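One structure coming up, written as structure tokens, with questions to follow.
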Amino acid sequence: MLPIVSLTLFLPLLGAIVIMCHRNAAAEKVHKIGIITSALTLLGAIWMWVRGVADPDMAGKGFAQVEQIDWMPSIGAAYRVGVDGISLPLVLLTALLFLLTLIYSSKVRKQPQAFVVLMLILETAAIGTFTALDAILFYVFFEVSLVSMYFMIAGWGHEDRQRAAQMFFIYTLLGSLPLLLAILGLYLGGETHTFDMRVWIENPPLEGGAAMLALIAMLFTFAVKTPVFPFHTWLPAAHVQAPAAGSVILAGVMLKFGTYGLIRFALQMTPEAFREAGVVVLIFGVVAALYGAFAALAQTDLKRLIAYTSVNHMGYVIVGVAIAALTLDPEIRAIALDGSVLQMVSHGLVTGALFFLVGMLQDRAQTREMDQFGGLLKTVPLLGWSFVLAAFASLGLPGLAHFPAEFQIFLATLREEPWAVIVILGIVITAGLYLKAISQVFLGASNEKWKTMPDLDRRELLTLGPLLFFIIVLGIAPSWVLDVVHQTTIALAF
Amino acid sequence: MANDLALMLPEIIVLLTAIAALVAEMLRQPRVAFFVSITGLAVATMLTLPLLGEQATAFSDTFRIDTLSIWAKLILLPATILSLLLVRAELGGSAREGTAYVLIIMITLASLIMAGAGDTMLLVLGILLAGLGSFALVAYPRTDAATEAAMKYFVFASVTAGVMIFGLTYWFGGTGSTLLSELVILEKSPALAAIGFIAVVIGLGYKAALVPFHFWAPDAYEGAPVSIAAYLSVIPKVGAIFALAQVVRDLPVESAWQWIIAAVAVLSMTYGYLAALGQQNVVRLLAYSSVAQAGYFLLGVIAVGSSPLAFESLIVFSAAYAAMNLGAFAIVMQVGRTLEAFKNTGRQFPMIGVAMVVFLISLAGIPPLAGFVGKFLLFGAAMEAGFTWLVVIAIINSVLSLAVYLRIVVPMYQPSENEVITTDTVTIPLVRQVWFAGLLLTVLIGLAAQFLLGSIS
Amino acid sequence: MSVELIWALITGAALFGVGIYGALSQTNLVMIMMGVELILAGALINLVAFWRYLHPDVAAGQMFVLIVMTVMALEMAVGFGVAIARFRSKGSVEMEEAAELKE
Amino acid sequence: MITAQAIFIGFFGVAAVWFGIVVFRTFSMVRSAIALLFSQTALGAMFLTMQAEFLGVLQIMMMATEMSIMAFFMVMFMMDPGGMGKMEMTHQKRLSWIVGLVSFTGAVAIAVFIDWGPVATTVAETAQQTEALGLELLGRSMLVFEMAGVTILTAMIAATSVAIPPIPSPEKIHKDKV
Amino acid sequence: MISISLVILAPLLAAIVILCLRKRAYVLALSSAVISLLGSLGLLFGPGVELILPGLPNMPLRLVATPLTSVLSTMVAVVSTLVLVYATGYMSQDKEKNRFFATLLLFIAAMQMLVLAGDWILLLSAWELIGLSSYLLIGFWYQKPGVKAAAMRAFLVTRSADLGLYIAVFLLIASAGSSDIAATLNTDGTVAIVAGLFLLIAAMGKSAQTPLHDWLQRAMAGPTPVSALLHSATLVAAGAILLIRTAPMLPPETLVVIGIVGGITALITGLIALGESDLKRLLAASTSSQYGLMLLAVGAGVPLAALLHLIAHAAIKSSLFLGAGVFQHSRGSTALKDLAGVARDQPRIFIGFVIAALALAGIPPLSGFFSKDAIIAATMTSSHAWLFVPLVLIGTVLTGAYMARALRILWQGNAQKKTLAGLHWMSAGVAGLVILLIVLGALFPTIEAFVAAPLPGNMLAVGLGLSAALSGLLLGWFVPVRSLMGPLLEKANQGFSIAGGFDNLCVRPVFAIAHACEKLERRLYTAVLAVGKTGVKIAHAIRSSDEQGIDRFIFSIVHRTIRLGRQARALQSGLIHRELAITVIVTAGLFVITAIGLLIY
């Protein structure tokens, strides 16, 4: 058996090393290497997908495609990677988004080498975070992504980037250290001292007060990362200052670390404590979803608006996970988790597309203020219609990516905690804010200033096309992803 | 006796190396002294390898050949070699440069002796020996700053050593022995054990630059040549920390020694980073950072006896610390002592930039670098010993530390107003080798920590 | 309990106290060194008293005394070395004048 | 019960402490050095009283040499060789005084309140003591002894290297020429 | 199987092909509509089919062809085909007709999906998709002033009401454990009441029932075929269709509410229509009113009556709209005062318009007569007849009145001859629909038999209905509207908006919350800081950082830490005795800690 997971995981790193070795390569060449590497990575991810998550030894339970090498056996840490139905879709998403981002960024001429190297390192870190089955390994990748993102924002961001980068860094580092504490707690709590996440999932090592403390630490970490109100303020700042590529990765991939961690760590490793605290988390999720939607409605900056809708969408995921923690009915749990995972994937696709579009708009107009635009649908129809499509996907229109996910989350919510279904108000508010944005930017009379704005070029189409395609495909036939997810979620038992 | 000598062979080789270097210096052959030193230390390192796994004592229990002392050799001897390269690069060609080599090797010997001390007298002598050499090294340039630094260093050292010796007399009174292994007797009079232990903390704390015994450190590092500062911030510190671990091994828990260690750890971590936050001088900044890092070491010391991770964490972190701190100092040597000098270096010299960033984020404890693995183990050890609150404080300080280290990183990538290439930043071959080695080790210890861990247990 | 031991220990304590006072209050490097000498003298008397009245058959006690004496002598020696170097560069060994290195 | 030994200890102890105090109360370093010498000698006498003859003699001899060296240095570094100007050589006296007093009290408390266990009344003969010390030196404490030797060597190197006048480095000479 | 997929896929594929090819839009559109129509006819005459598609885990998507759904499907197909025929002419001059046809086809596909949906998820999807396509269609001329607001309004109102559908669907799935509509129809008890009420909310939104009727009139900003298709036969119909399909499950408690809502809507929107000064807006209000009547029928417990009226109304209102569209082309406006006499420009179209208007009013033998009859009869059988019957009758009178008024205004005035492009296409469309509305009445018994549901017959109802319709027509023709409505006219022109209507009740509060959130965002941590504002130092820290909100908090922590650092550095005085003193003092602290520790052990 080829170690596909590891190959996929380290391919980008290899590409980064290759680029670093070509010290004086031209920008085009550097970008070409980057794109080829990430394309190969995507192939690897697809191969992983084809192999599937059904582990013959475990009767569909647990993780498949596990690859393991001893790392620090004396403390029970090892290099362990593998996937299950929750992580595999995210890996695929990551690989796709990175490829597209690199294609989109192929115009970057400001230190292209460093940029591509950083992107590729980030890709390895992201895939690593999703595939790691060892807590230390997970933490390592988690933090590496943080550092690379810091340099990404600080190096290629907009006006006020240093401050935003610092903010991002302090916030998320402050957030991630409690996770370390929780990991240590889990490590020391278990009978056998190991960092194997599978063991922790199989037999949650902590119980009672200790489990609750560990859970609180983890919740804090993932709440900052996701982000949940009131820990979200780094997000708009970082997004507004980050380059388009950074925003796409940040929103499309890195926000998922929070919710993925929430499922993988909080839910699977301290299920009892999570059940006790579930209502609180649920309230946080509901508040985050509504708050994000309302806050987005009040924005005038297009990028900030999209950033805030991320708070909203990730709020739904939190709600889903909380419901999965609260419920005792495996069917509801499966529905809630299916919805949450699918929501992560679709959010990656949709928000990715939206950030790309805003980036393209900003490249053309050098502004993101919505009232500066108007009637762009006439001037740049392709860009405009792409935005409309992505926006409608984002507001949860059926037939587009978010609908099946949100549907399942809401359905599970109603079945478990009917009051929490007020979160559904969010979809109306997002509808309102997107329509407002569309009508301000794209509808109405054309603004003279932008008469000569060029429409999408080939590179941009190549970036957007696949995303829009998958947005529709996922909306019409979510089952090709959901089947994979469902295999895992239905087998969860705690 | 012969067996004892065999067990202490590395130390003996180190001593002989020093003497050979001294002879070469007396013959006015500093180059020879340098090469003799390097070779001798390398040989001593080689000769340590067969000892791995040995658990013994030499000379009637006065010296311990155990995990800590063997690994002290394996870490400190190569670190000394790297320091010697730095010293050669900075002081090479000056008068009496060979003396510096001799003193450095002697200090290393003292640190090794401390790390394996099984007897309070050896502890005293180790601190003294390390101190005596250090004053001379700090005063080496003979500038006002250097002599002032040496003088302060001396005053601090002699007072703390005096207090420590005075306190240790009570241990003798209580146990009737100078051996550390006899400290178990003090179970019945924990107050006596505690008093003696505070004295030890004062003595070793000064050597390891722990708050509140650290005041000499920033001044001494600033007054001394950078290479000497690099050396002093690593080798004697690790030796002293290991000595502390040797002491607490046999100390009864009732003496509340863990409380003292915890208090000092909190003070060191917090004060070190707080004070580092406002520094403009990179050497001072690193000095304070080394104060804080010493506090982190104590997380491992506190777990001695209650967690199997204690020794492992101490060893891994000291290896990591040696690599990254020497690397960072090497880069300071190359770039300059002020933050101003660091402006834009990241853009002009990408490799130096990358290396410095790696050292600094490793010092801050960000994975997957050496500093992370070390700190992770330290945290685990302290938590297993029941000091979760201490770990929480350490973690909060880690955030603070990041702000400290970012102070260097940020200007490195900030375009300076005048994009003049500072031509005086020339690559010095020896220094480059050192930071390159440091870089390699920092990354390798992070990724292949098992090599260390596996050999430790 | 023996009066001799107590008296000797009190003497040691007094010397220690005086030494600490000296080390903290003196402005001159050499005077500080004298304070340290007194601290160590206190340690010496403690050690000898402990040896004599508690562990007369432990030769290590006497050994420790020898070591402390060595420490005293060596610290003096190097202390004077440092003092000379300082004197050469600055012309004084006053501690108050040595405050160039600070924040 | 107060024995002759106790009286002697008390007497020499008071002397040692008194001279110790005098060290910091004179205004001349030479006088300070001499006071210190007396203090240390009183200490040596105490050793003799406590039947540690070898140590006592050693103490007196070593301190005599050491203090005379110190006196030389006094002359070298003194600002006011005669001590006539009554110049102030102290600072933060109040704090130092408190700290000194507290240290003293603490140490006395330790001496008084700690249960030191049974007291030995007799000790071995001087010759046997010395023999035992010799065996200790070359037996159990061999390593300590050797370390002390190494330390002395290092101290010599260190002291010499800081004390000898700085030689301008060859580079510097070269630079000066240019 | 094939026909059921043809019905939906044909328009969908055609839409995609049109978008890709960007030419021959109307050919493709028409042919796909015909194919779709054939498909639905196939369903109508073929056996019942159920197509199961993969969907969510354990919740597959289903398309079903039951008698009810295939009748509705046929209706949609027929109306849409004729509207497309009309649109071919209507849009012949528009540059963006590709987009128009594509969107329209998308809409048709979605509508067919809604009609044929056999499970809730698909129904919900279709429901929302027609919302989207109506948004796109209403906003088709997005550069015109007012259009984007209208489109937004339409989408937002319906989407808000859709929440009702979401919740109802969740409730039904949760209680039945399946997303199959047929399976959920067995629901009863409280769930059924609650779910029924939520379904009603959804239906009210889509069918523009009071108080959510406002958007429909504004939506007239779109092209006329759009109005004809969306706001008569399809989009608005969705609400009624939803209730008709779920009628078996609705408990009496819910039915009453439905009936009352329908009745009130019929009344209020009827009055609005009567007072309206714009032809298209009049028709739109009339649509609401007619759907109110349908809801009354559902509320009375005879969904079949509603179904019949739905079908009849589809044909009638489409032809009215299409006629209005021709008038609009002719005069370049839809305001009634501009349209005075337009009947004389387009006499043939006007004849069709008159027939349709009469049908709507309920004059035999046109289809509207039969369906309205059925509704009146239905309400008379209801246990709440005392409430429902008067409402229906008033609704019928109002219908007659506003149609008569419109006809009068169109007739009285001078002709302005003008040739219109694509008139024959438009006429064809109108003609088809008029023929349909004439013959439909005859088909009703067949439909009754096909759907296999009894319809209460009542001669009294026929009499009442007829007299109401006639009196309405007479009133409308002869009595000026001002004297007819009196003080109500003013209110009607404002759309009977209560307390500022939708804008004040919903939009403003939502934005207020949004701005409050934004403000909170900025204030939140200023407040947190204020709590901890213990001294001038911290206040200074706040002042010195000019950043707002939480960032300010973070940065003020940073500042405070740096200040602490500076203080820490100040300890490092460079004077060794001071430093030693600090050491001593801290060491004393260590002793204290040790003492405490010793005491504890």
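The letters A, B, C, D and E name the chains in turn, as written, and every chain counts its residues from 1.
We take it that a contact is a pair of C-beta atoms (placed from the backbone, for glycine too) under 8 Å apart; a residue touches a chain by one contact, two chains touch by 3 or more.
On a predicted model such as this, the values are computed, not experimentally measured, just so you know.
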Chain by chain, through touching neighbours only, how many steps does the shortest route from chain B to chain E take? 1
Considering only chains that satisfy the touch condition with chain C, which of them also satisfy it with chain D? B, E
Listed by label, which chains are in contact with chain C and with chain E? B, D
If you average the CA coordinates per chain, which chain's centre is most distant from that of chain A? D
Look at the interfaces A-E and B-D and say which one is made up of more C-beta pairs in contact. A-E
Name the chain with the Cα centroid closest to the overall protein Cα centroid. A
For chain C, which other chain has the most distant CA centre? E
Distance from the mean Cα position of chain C to that of chain B, given in whole angstrom: 26
Centroid distance [mean C-alpha coordinates] between chain E and chain D, Å: 100
Taking each chain's mean CA coordinate, chain A and chain B are separated, in whole Å, by 42
How many angstrom lie between the CA centroids of chain A and chain D, rounded to a whole number? 70
Among the residues of chain E, which are close enough to touch at least two other chains? 558, 569, 572, 574, 576-577, 580-581, 584, 591
Per-residue overlap in chain A, given as positions that touch at least 2 other chains: 170
Of all residues in chain C, which are in touch with two or more distinct other chains? 12, 16, 19-20, 23-25, 27, 29, 35, 42, 51, 54-55, 60, 63, 67, 74, 78, 81-83, 85, 88, 93, 95-96, 98, 100-103
Chains grouped in pairs wherever the two touch, ordered by label: A-B, A-E, B-C, B-D, B-E, C-D, C-E, D-E
Show me the residue ranges of chain C that touch chain E in the complex, using the header's touch definition. 20, 23-25, 27, 95-96, 98-103
For the complex, give me every residue of chain C touching chain D. 1-22, 24-31, 34-35, 37-38, 41-42, 44-45, 48-49, 51-57, 59-60, 62-63, 65-67, 69-70, 72-74, 76-78, 80-85, 87-88, 92-93, 96
Show me the residue ranges of chain B that touch chain A in the complex, using the header's touch definition. 309, 312, 350, 361, 366-368, 372, 376-377, 379-380, 383-384, 388, 391-392, 395-396, 398-399, 402-403, 406, 410, 413-414, 449-450, 453-454, 456-457
The residues of chain A that touch chain E in their complex are 163, 167, 170-171, 230, 233, 237, 291, 294-299, 331, 334-335, 338, 375, 377-378, 392, 397-399, 403-404, 407-408, 410-411, 414-415, 421, 424-425, 427-429, 431-433, 435-436, 439, 442-446, 477-479, 482-483, 486, 490
Of chain A, residues touching chain B in the complex: 70-75, 77, 114, 136, 139-144, 146-147, 151, 154-155, 162, 166, 169-170, 173-174, 177-178, 180-181, 184-185, 187-188
